[in-house]
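Next come two complexes built around chain A: one with chain B, the other with chain C.
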Partner chain A sequence: MAAAEEASRPFAGLSEVSISEDIPVEGDISVPVGPSTRRDDELSTLDEPVRETILRDLRAVGNKFVHVLYPKRSTALLRDWDLWGPLLLCVTLALLLQGGAADSDDQGGPQFAEVFVIIWFGSIIITLNSKLLGGTISFFQSLCVLGYCILPLTAAMAVCRIVLVGGSGTVSFAVRLVVVTASFGWSTFASTAFLADSQPPDRKALVVYPVFLFYFVIGWMILTFSPSQ
Partner chain B sequence: MASTNDPFQFQEFEEAGNLLEANRDATTISIEEDNIKPDKQRKAVGFTPDGDDEDPLASDDKTELLSGPKKSVPFWTFEYYQRFFDIETHHVKERIIGSVLPWPGKNFVHVHLRRNPDLYGPFWICTTLVFAIAISGNISNFLVHLGKPNYKYTPEFRKVTIAATAIFSYAWFVPLALWGVLLWRNNKIMNLVSYSFMEIVCVYGYSLAIYIPAVVLWIIPYEWLRWCSIVVALCLSGSVLVMTFWPAVRDDHPKVIIAIMSAIAVLNILLAVGCKAYFFSKPEAVLPADSSAGTEVTKAPSST
Partner chain C sequence: MDYTATQSGFRQRKLQPNMRLRTNLVDGSEGSQLFEDTSGAASGPQTGYSNQQPGPQAAGFPGQSILSDPMSNLAMAYGSSLASQGREMVDKNLDRFIPISKLKYYFAVDTVYVGKKLGLLVFPYMHENWEVSYQQDTPVAPRIDVNAPDLYIPAMGFITYILVAGLALGTQNKFSPELLGVQASSALVWLIMEVLAVLLSLYLVTVNTDLTTIDLLAFSGYKYVGMIVGVVAGLLFGRPAYYLSLLWCCVAIFVFMIRTLRLKLLSEAAAEGRLVRGARNQLRMYLTMSIAGAQPIFMYWLTYHLIR
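What follows is the complex of A and B.
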């Protein structure tokens, strides 16, 4: 009883407190909302010029390109994933694969839509496969990594087209073969460097093989591209 | 004594009934549900590292007793399909080797699958086979027409679609039909061995693995080499299928056994020969036009 009275004593005076109008209450209770507080003007990107908005995204994409070109085990691609880079690469690759030996009947090279479907559908299937095998990576992160690692193959396609301008004999075929093989190996190695950590260790080969197959098919499409005469 | 004998006998009878029930579950319950019903036979525990020469029925009994509570997940959730990917690299390797080198005593389902059929193997083997056929057909076409001035090389991407349709239908619809036939026969005749739909799909998927090296060999434009490799691949693949399904039909009427076995073999042969005929043109030295009646039309301008 006495203890209870003792315990209630610190709070005894509370009932006498009242908020009256002459106690000014002021202050700023707004919390800056935003995913990052890196820059001071992050709060409102509405006021910045459009060029800056676009450049920011382009810089992010370019940063990821650099990470693909020098693949180390890093989480840069995984942390801030975006799908602009893969879209850009896919469209570039599909456009470069146009203008091939397409005669009037369509037994020719891949159409734009075919390349698009192969790349995106293939990426989705590989992502589903790795998730079903128990991977910890998220769906869009995996799409992002697979899309960005097409960069070496797109570069190889550009090189192949340049080589084909010079002629399409055996020498050019040998050069193209070497370039495409090297870039295919680079792509597979780069994507494995990003994806490997998210898999349980006894299933790594099961996840890497579909990636290998995917880039092999894309490399095949690039290698067999023959220009129209 | 009489009172103790009766429950004993009753227990035995029930045990045998349970034994049959456990094995026949996939065939008796799954009719009104989806085609995929491996729930009763799924063991949530992983693999039991038993020896190979165990009686398969005894091992079924033991694994069913050892398994924990099996939760049955509805088929529209992601977790339902995740159980078919509960597999490791060395398991896939063992299964592929087991399907490429069939051994007379070993039933593929009992030895390798052990009630854990997976979808990884069938799906990726079929996909690899599709691309292998398309790419090898392309290369062999190119090699056959190499010296001819009129030939314009084109990568024929339509063929990928056709190859994909053919192979995936074989790998999915034939198991479906076979499963239906076995179900029908199981209702008439008491069989102790029955396979779930997933296990049949698994066997068919892995049995296609031998065709991948065979298809790559078909690039070399020698007819005798192609026919040799087809025959070898057919023998190996067919024997895996026949040895797997023999225990399921051996108690049946002889005519039915022959019908089912020959259907399995004939469909296999049709797939192999059809792929070879459609995608790989015969090397002809003389005519620049399309090669022969059964093969595909090449890009060379024909003289007709």
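What follows is the complex of A and C.
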């Protein structure tokens, strides 16, 4: 009896304990039900219509195009990298470069596969160089940036083709030269805005140089394109 | 209640393998990554819809989810550890063939070094001290010592040479994109043969030197700078300019190679310039001269067909 009273004494005052309203009690005892159901909705993208899935990817790609056209220091291109945009641009550029006659008479313009190889191998080499120089950017992020920054050059190719419809004299050559040079500068500037951030400042020029060469080659291919008669 | 408890427990356990893999992916570069590396096998929940298989399993069949959650959790943990093991194995095996860490040493350059080295390649006459400085038995990074070999200049020189060759062939109306590939592969083959020949002769003469294969690759790649200067001068100003600038660059690279290799191949006394008699030193001297003399020959051989 005494022991029971002794035992109950430590708890005797408990009945008088009350938590006043203005002492904040931390923590959450209840398990939230909301987020798990939301997560279920997010996760079950198997049930959404195919159009939704495709449109979401297209919107992401379009968003990155806008970032390339107005290059400012943002991480949007890098955080969610994807390679759909570069593939689209590469295929468009290769298709636009078809059907041309190069300088010599018996060889056509760059084949589809050649444009592909030049663009992708060039990007891989630049990425390797950037990584070996000690960059903090990852392999696919760099491929993504370089691929997306081909957008101005693809636009220039389209413009060149339109200009060439009107004739291929000196005036059209001058116009094409200006357009290609401007878009080449834009591409290089856009990609360095993303890539140069990942290097320490005394190596920025070393990373920019191969990018410059890469876009120069693509610009050269665009400029020397002349449609077959 | 039970369902949500296992769900949140699962989520916590799923995050941990992601964290482990992400720290593995930092791999040697100065840990402060500017941008999230979402390229690894464990791209987190930010990429949205890529890691979905536990979700629909749990959502679609709530009855079975309590049973399948531990299983899928186990599978996730096992899969991620398998992925990291696989990656380690690939890295280890790749490292055996292409020593990535050693390659990084040759790319530890900066703009000032590249500028000074290019100047040295074209005008090596004023430079006094050609010793490579060491730091406790390991050579110092090229960034700090202008005498150390690097691979950035040869690699960029090679690529620029191919593009300039394409340009030059274009002005002769002989260009097609296939020619770029032909030029690239032929120049690469010549480079490899030259490095192999030097290695063979070093072996035959039994020189024990600390020149590695990559060092030899770097030294053989320095001649592309001279070739580019020659071809560009020829394109801009015509054949006489090509010959003049090529001559200048050939002499410059000859002197550069002799002064660099002298310290590596010859004995101490001979390197200081004193005449040391002895068959071994004479052989090494001939070896140095022939390596240095091969450079102008290659420079001419690889560029004369570009300027017509």
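Assume the second predicted complex is superposed on the first by the 183 of 229 C-alpha atoms of A that agree within 3 Å, B and C clash if a C-alpha of one lies under 4 Å from a C-alpha of the other, contacts with A are read in each partner's own complex, and residues count from 1 in each chain.
What we mean here is this: a contact is a pair of C-beta atoms (placed from the backbone, for glycine too) under 8 Å apart; a residue touches a chain by one contact, two chains touch by 3 or more.
Everything numeric here is computed off the predicted structure, so don't read it as measured data.
Under the clash rule set out above, the superposition-derived model of chain A with chain B and chain C contains a clash between the two partners. Which of chain B and chain C touches more residues of chain A is settled by the count: it is C.
Contact with chain C, but none with chain B, is seen for A:Leu78 once the two complexes are overlaid on the shared chain.
When the shared chain is aligned, chain B and chain C each come close enough to touch A:Val217. In the superposed model, A:Leu206 makes contact with both chain B and chain C.
Of the two partner chains, neither chain B nor chain C is touched by A:Arg59. Legend: residue contacts after superposition of the two complexes on their common chain; A:Glu114 is shown touching both chain B and chain C. In the superposition on chain A, contact of A:Gln141 is made with chain C only, not with chain B. Shared-chain residue A:Leu132: touches chain B and chain C both.
In the overlay built on the shared chain, the residue A:Ser226 is in contact with chain B alone; chain C does not reach it. Here chain B runs into chain C after the superposition, and of 7-15, 115-123 or 295-303 the stretch doing so is 115-123. In the superposition on chain A, the residues of chain A touched by chain B in one structure and by chain C in the other are 103, 107, 110, 114, 129, 132-134, 202-206, 209-210, 213, 216-217, 220-221, 224.
Residue ranges on chain A touching chain B, taken from their complex, read 101, 103, 106-110, 114, 129, 131-134, 202-206, 209-210, 213, 216-217, 220-221, 224-226. For chain B in complex with chain A, the touching residues are 78, 81-82, 84-85, 87-90, 92, 120, 124, 127-128, 131, 135, 138, 152-158, 299. Contact residues of chain C toward chain A in the complex are 1, 4-5, 7-8, 29-30, 32-40, 46-49, 52, 55-56, 58-60, 103-104, 107-112, 114, 152, 155-156, 159-160, 163, 167, 170, 173-178, 180. Listing the residues of chain A that touch chain C in their complex gives 31, 33, 36, 39-40, 42-46, 75, 78-81, 102-104, 107, 110-111, 114, 118, 125, 129, 132-141, 197-198, 200, 202-206, 209-210, 213, 216-217, 220-221, 224.
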